[in-house]
Amino acid sequence: MTVRIGVIGTGAIGQSHIERIERKLSGAEIVAVTDVNQELASRIAATYTEGARVYNDDSDLIAAAHVDAVLVTSWGPAHEASVLKAIEAGKPVFCEKPLATTADGCLRIVEAEVAHGSRLVQVGFMRRYDTGYVQLKHAIENHVIGEPLMVRCVHRNPETPESYTTDMAVVDTLVHEIDVLHWLLDDEYESVQVKFPKKTKHAFSHLRDPQLFLIETKKGVLIQVEVFVNCKYGYDIQCEVIGEDGVASLPEVPSIHLRSAGRSGMEVMQDWKGRFVDAYNEEIQEFIDNCKKGQEMTGPSAWDGYVAAIMSDAGVRAQASGEKESIELKEKPSFYNYKVTEVSR
Amino acid sequence: MTVRIGVIGTGAIGQSHIERIERKLSGAEIVAVTDVNQELASRIAATYTEGARVYNDDSDLIAAAHVDAVLVTSWGPAHEASVLKAIEAGKPVFCEKPLATTADGCLRIVEAEVAHGSRLVQVGFMRRYDTGYVQLKHAIENHVIGEPLMVRCVHRNPETPESYTTDMAVVDTLVHEIDVLHWLLDDEYESVQVKFPKKTKHAFSHLRDPQLFLIETKKGVLIQVEVFVNCKYGYDIQCEVIGEDGVASLPEVPSIHLRSAGRSGMEVMQDWKGRFVDAYNEEIQEFIDNCKKGQEMTGPSAWDGYVAAIMSDAGVRAQASGEKESIELKEKPSFYNYKVTEVSR
Amino acid sequence: MTVRIGVIGTGAIGQSHIERIERKLSGAEIVAVTDVNQELASRIAATYTEGARVYNDDSDLIAAAHVDAVLVTSWGPAHEASVLKAIEAGKPVFCEKPLATTADGCLRIVEAEVAHGSRLVQVGFMRRYDTGYVQLKHAIENHVIGEPLMVRCVHRNPETPESYTTDMAVVDTLVHEIDVLHWLLDDEYESVQVKFPKKTKHAFSHLRDPQLFLIETKKGVLIQVEVFVNCKYGYDIQCEVIGEDGVASLPEVPSIHLRSAGRSGMEVMQDWKGRFVDAYNEEIQEFIDNCKKGQEMTGPSAWDGYVAAIMSDAGVRAQASGEKESIELKEKPSFYNYKVTEVSR
Amino acid sequence: MTVRIGVIGTGAIGQSHIERIERKLSGAEIVAVTDVNQELASRIAATYTEGARVYNDDSDLIAAAHVDAVLVTSWGPAHEASVLKAIEAGKPVFCEKPLATTADGCLRIVEAEVAHGSRLVQVGFMRRYDTGYVQLKHAIENHVIGEPLMVRCVHRNPETPESYTTDMAVVDTLVHEIDVLHWLLDDEYESVQVKFPKKTKHAFSHLRDPQLFLIETKKGVLIQVEVFVNCKYGYDIQCEVIGEDGVASLPEVPSIHLRSAGRSGMEVMQDWKGRFVDAYNEEIQEFIDNCKKGQEMTGPSAWDGYVAAIMSDAGVRAQASGEKESIELKEKPSFYNYKVTEVSR
């Protein structure tokens, strides 16, 4: 059985998922697409699929009988409505981040899903599928380093366009650490604070860069995340967990070692796109596999999308206040409980 | 269009390819299987496929109209006959190593393929698809290290069963370096010699272990390959190319870094199966993609299978003689020429 | 000419310096010793020196005509008085940390030295003499990484005795980073704050461990220092400077690389004594060389001792308050200005 | 007591040892110098020493009553005569490599020393004093990697002057590995063979570069040494010992890690002078300490100088013959036996 997927939004990320489903992954095909730009939708359908039908809007696509599952890759403000419609239709839905642009919107999706009675939603946080993070999680769960006490993360990009603003350091950049760390630690966030070091001359005048986020968890773990998006030298993701018995860190991105021109070392990746390409494949393959077996989604949940929204709001408040901002979550439905600690592979 | 594949031989490697085609890769399905053990073939078909038909033998399977392409994963002595039948039927065929158990057998396949007029055969040498080797090849082709002068390889396994004999160090172990290195260097082999260092106490009494192979190429590159199959500490594949302007080496297998119990470092892989799993996926995906597009095979060719056979024979002779053994190849059909230098991705 | 040195305090650190001067370094000899334990002083003189005279107290030793220079390695509370006497006598004095147990005491030494008119005092902060830190300083001064924006340090010990208290994390441990970082950055401290992550079960009940110090400099650099003195796995000193154009880090302690028993990596040093042994030699050799040439001291100055005292006080206050504590220094005498940026080698 | 040293030969290496004895090391002073260039000898005496007397020739210097020990740092052909005179005078003598320019010359020194009845000679092979090699030796002796089976060494220089000839790859370059490896393995050499890979375009036309030496020991260990003296990228010394239970390698030269300009890694040393500077200090300090205590020399012996000469001759023969050349040593006087395995620290 092949899973028949409809895609809402055929921009860059939509195209990338369409291509991976059609050419790289197993068990699914794209049978329907839609986009506010209908001409683009048609062109993408023609380029990558074997006759995917172009729909006028998300409602029609979701309702279509030949669509088994839905990918939401439209722009952020449109996510909530599409996801709610998919839940209403009882169809599995993979939604790129953000799940919704507000915490309230995320809550509405959570409530709809709980009312539906089974998990239909997977949010597009891909880091949990990266083999490095999976190895880190295994190390923690197998008590290789004892209880985690601190986590130190680095999120560096070589540069940003002028349109990148200070709050995007939270909403677009830090959000990846926000999602992966509470999964990694099997813990919940308590507070977030921001420190602004001396600003790099390489950032546009309106942007505070770098920033250092200090996040505390319910269990008392202290997380530091350096976000430095104009670091010039490359794209660099680091994560180190300091435990009672040892320290475990993400591996370096594998790259040939060179000794030449007076230096010994390797190239640093310049473009984030290559860093998590295997993780993108894994997250979508897991979505397809779950659809195929008719079982609940096991990836990042609507609740995780809600947590990311609440944390992002607090992070932006912390940028303005300079103070430690508390994290206040609604009661977590027991519906979501058992999935948090699960390692997908 | 989905490529419909028939599999000849449903043992361990056959099952592994069936599973990856059905559950991991894009664009193909298993529609036919056969094995000398028909009961096994039926069980595998039932476990992994959606109704693949079980055939009595390779001839029937290859002849079946609904079979577009063939995987030969039977035991070595049966490979040649199956591959020849597939060429005769004009169907693309992926054959696990060895292509044939003799150099003459490989030559017969080369001749049949040349007579057919287009490349139908891909041999299952997967290292060319490993990202590390691909990066090394790019570095060489882009003159990052200048002209290669020497290559140093290490091929270590933690241990071997008693059935592993001294000649298998060439035929089963060194053969992977034999294939990947002439591709990597875009060069041909001139001679091979073997040195036997002091023997490890961990090898069975009949086995010479470790062994050091010294291989010269037509261009004068001196290759050293250490084969050490009872090294105890793990599975470890190293390759370093020393060029006129620099040295490039394979990356370490990515693994989390640990500081614990007085040591800093990482785990070494114990099992070879995990080392090249991505490369296995890539080689089969490329086979499928070429079938799908109706184009010639671009992976390791029948000629490469022949080179491996000639080199393996010379390596075994060199073990016995202690001398430098020359490599005598037939004239290479121009038919194969342009593919040698091609990097698949 | 041989520099004739008198040593005040023949405990562990005193003995270690005596031994290095007598057996390892060039240009000096120990001619006088004293200790509150006269019997110990005599035994040490007999063991390591060629007839060093044993004095009753520091005053007599400092006044002795055959003593060219003085080492103060007594217990902390006695340092101030001995150093003041040496200044009064116009003799060069190397004083182990702390220069004095209070900031006021340090100030009195500063004032005495300024009144004397030339630098006589070197404080025993040895990290500035470590080749790794010296390389870091050169990288910064040569603009290899651009302007420093952040510094991240780790100071980990495998374990502490029960006598180690929470404030010692500042006074005994962090103090090394305090000294080396303002020298490294050629900058002054603005504030210090402390965060307490979840406590390790391996620390005694009275001790907060680990601790994270956040230090801001006048130029806006944000320094993080993790002090974790029961990390179990070893003694580990890390320092990374994040600049506008790149990141530079201390090298790992050189140690043979091992592949064995399923792991690849190296041993981590367990004992701090081995980590900076070359730096100890360098600091004392520089003291001797300056004495020999009759020139001013060039190492860590009395002012640096004062800065360390002020910062230590603020760090201990910050542990209690949980708040950001400001650093208030007296006006720095111009007398000390040109030395701060100097790299000793 | 201060050891009073006379130096024969005040060229570059002589000056470097004079400077380290006068300014860096403990327990010795330079009291006498001589050189064929008397004016140079006078200038060096004036620059570095406190009144060292300038002698007309080695005989006068060695005979001088105020000279306790001798350093021979003249040009190679003069070594033998000076060393023999020092032995005759019963004075300890440190002789830079080569001990003598012929194996017969070395033998004459061995015989003179045996006749004298105690070890007076230390040959200037400094690698045994490098902490990396010392750690390797400890690992072997403590059975960390089991019995050694193979050793792989790399000796690379960035470039050579036109005067550097093919045989110098043995006599000047490989000779360091020759000395350190039989000490490291506590083993004797059996044979040596040379392979010439493709030649680098960066070498002068008369020079074969790189070269690969294959050396067998009495215990059956197979040693590979790559000598590549125009590798362009830097000075790089590697040594890896492959044992029955694991593999141990020399640490990289410690250097700050840099992430900048798209690369992650470190600088490679360009000049060999900095690589073993600590080892030079250690070897001379050990010589001084032994002199001071009036005990036998414990460093590389006259016998080791003889072994180096025999091996160098065989290596040069092997370059010409292309064959495996056997090593034929005289019977080793028991006089030298116990020192070979000794680790100096």
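When the chains are written out, they are named A, B, C and D in that same order, and each has its own residue count from 1.
Quick note on the criterion: a contact is a pair of C-beta atoms (placed from the backbone, for glycine too) under 8 Å apart; a residue touches a chain by one contact, two chains touch by 3 or more.
As the structure is a computational prediction, the values presented were derived from the model and not from experiment.
**Q** If each step moves to a chain the current one touches, what is the fewest number of steps from subunit B to subunit D?
**A** Step count on the best path from subunit B to subunit D: 1.
**Q** Taking each chain's centre as the mean of its C-alpha atoms, give the chain farthest from subunit C.
**A** B
**Q** What whole-number Å value describes the gap between the mean CA coordinates of subunit A and subunit D?
**A** 59
**Q** I'd like the Å distance between the centres of subunit C and subunit D, where a centre is the mean of that chain's Cα atoms.
**A** Using C-alpha averages as centres, the distance is 37 Å.
**Q** Suppose each chain is reduced to the average of its Cα coordinates; what separation in Å results between subunit A and subunit C?
**A** 46
**Q** Name the residues of subunit B that each touch 2 or more other chains.
**A** Correct list: 232-233, 245-247, 252, 258-261, 266.
**Q** How about subunit A: which of its residues touch subunit D in the complex?
**A** 232-234, 236, 252, 258-268, 270
**Q** Any idea which subunit C residues touch subunit A in the complex?
**A** Subunit C reaches subunit A through residues 146-150, 152, 195-202, 210, 212, 214, 219-222, 224, 226, 228, 231-233, 242, 244-247.
**Q** For subunit B, which residues count as touching subunit A in their complex?
**A** Against subunit A, the touching part of subunit B is residues 1, 21-27, 50, 131-132, 135-136, 139, 144-145, 245-261, 266, 278, 285, 289.
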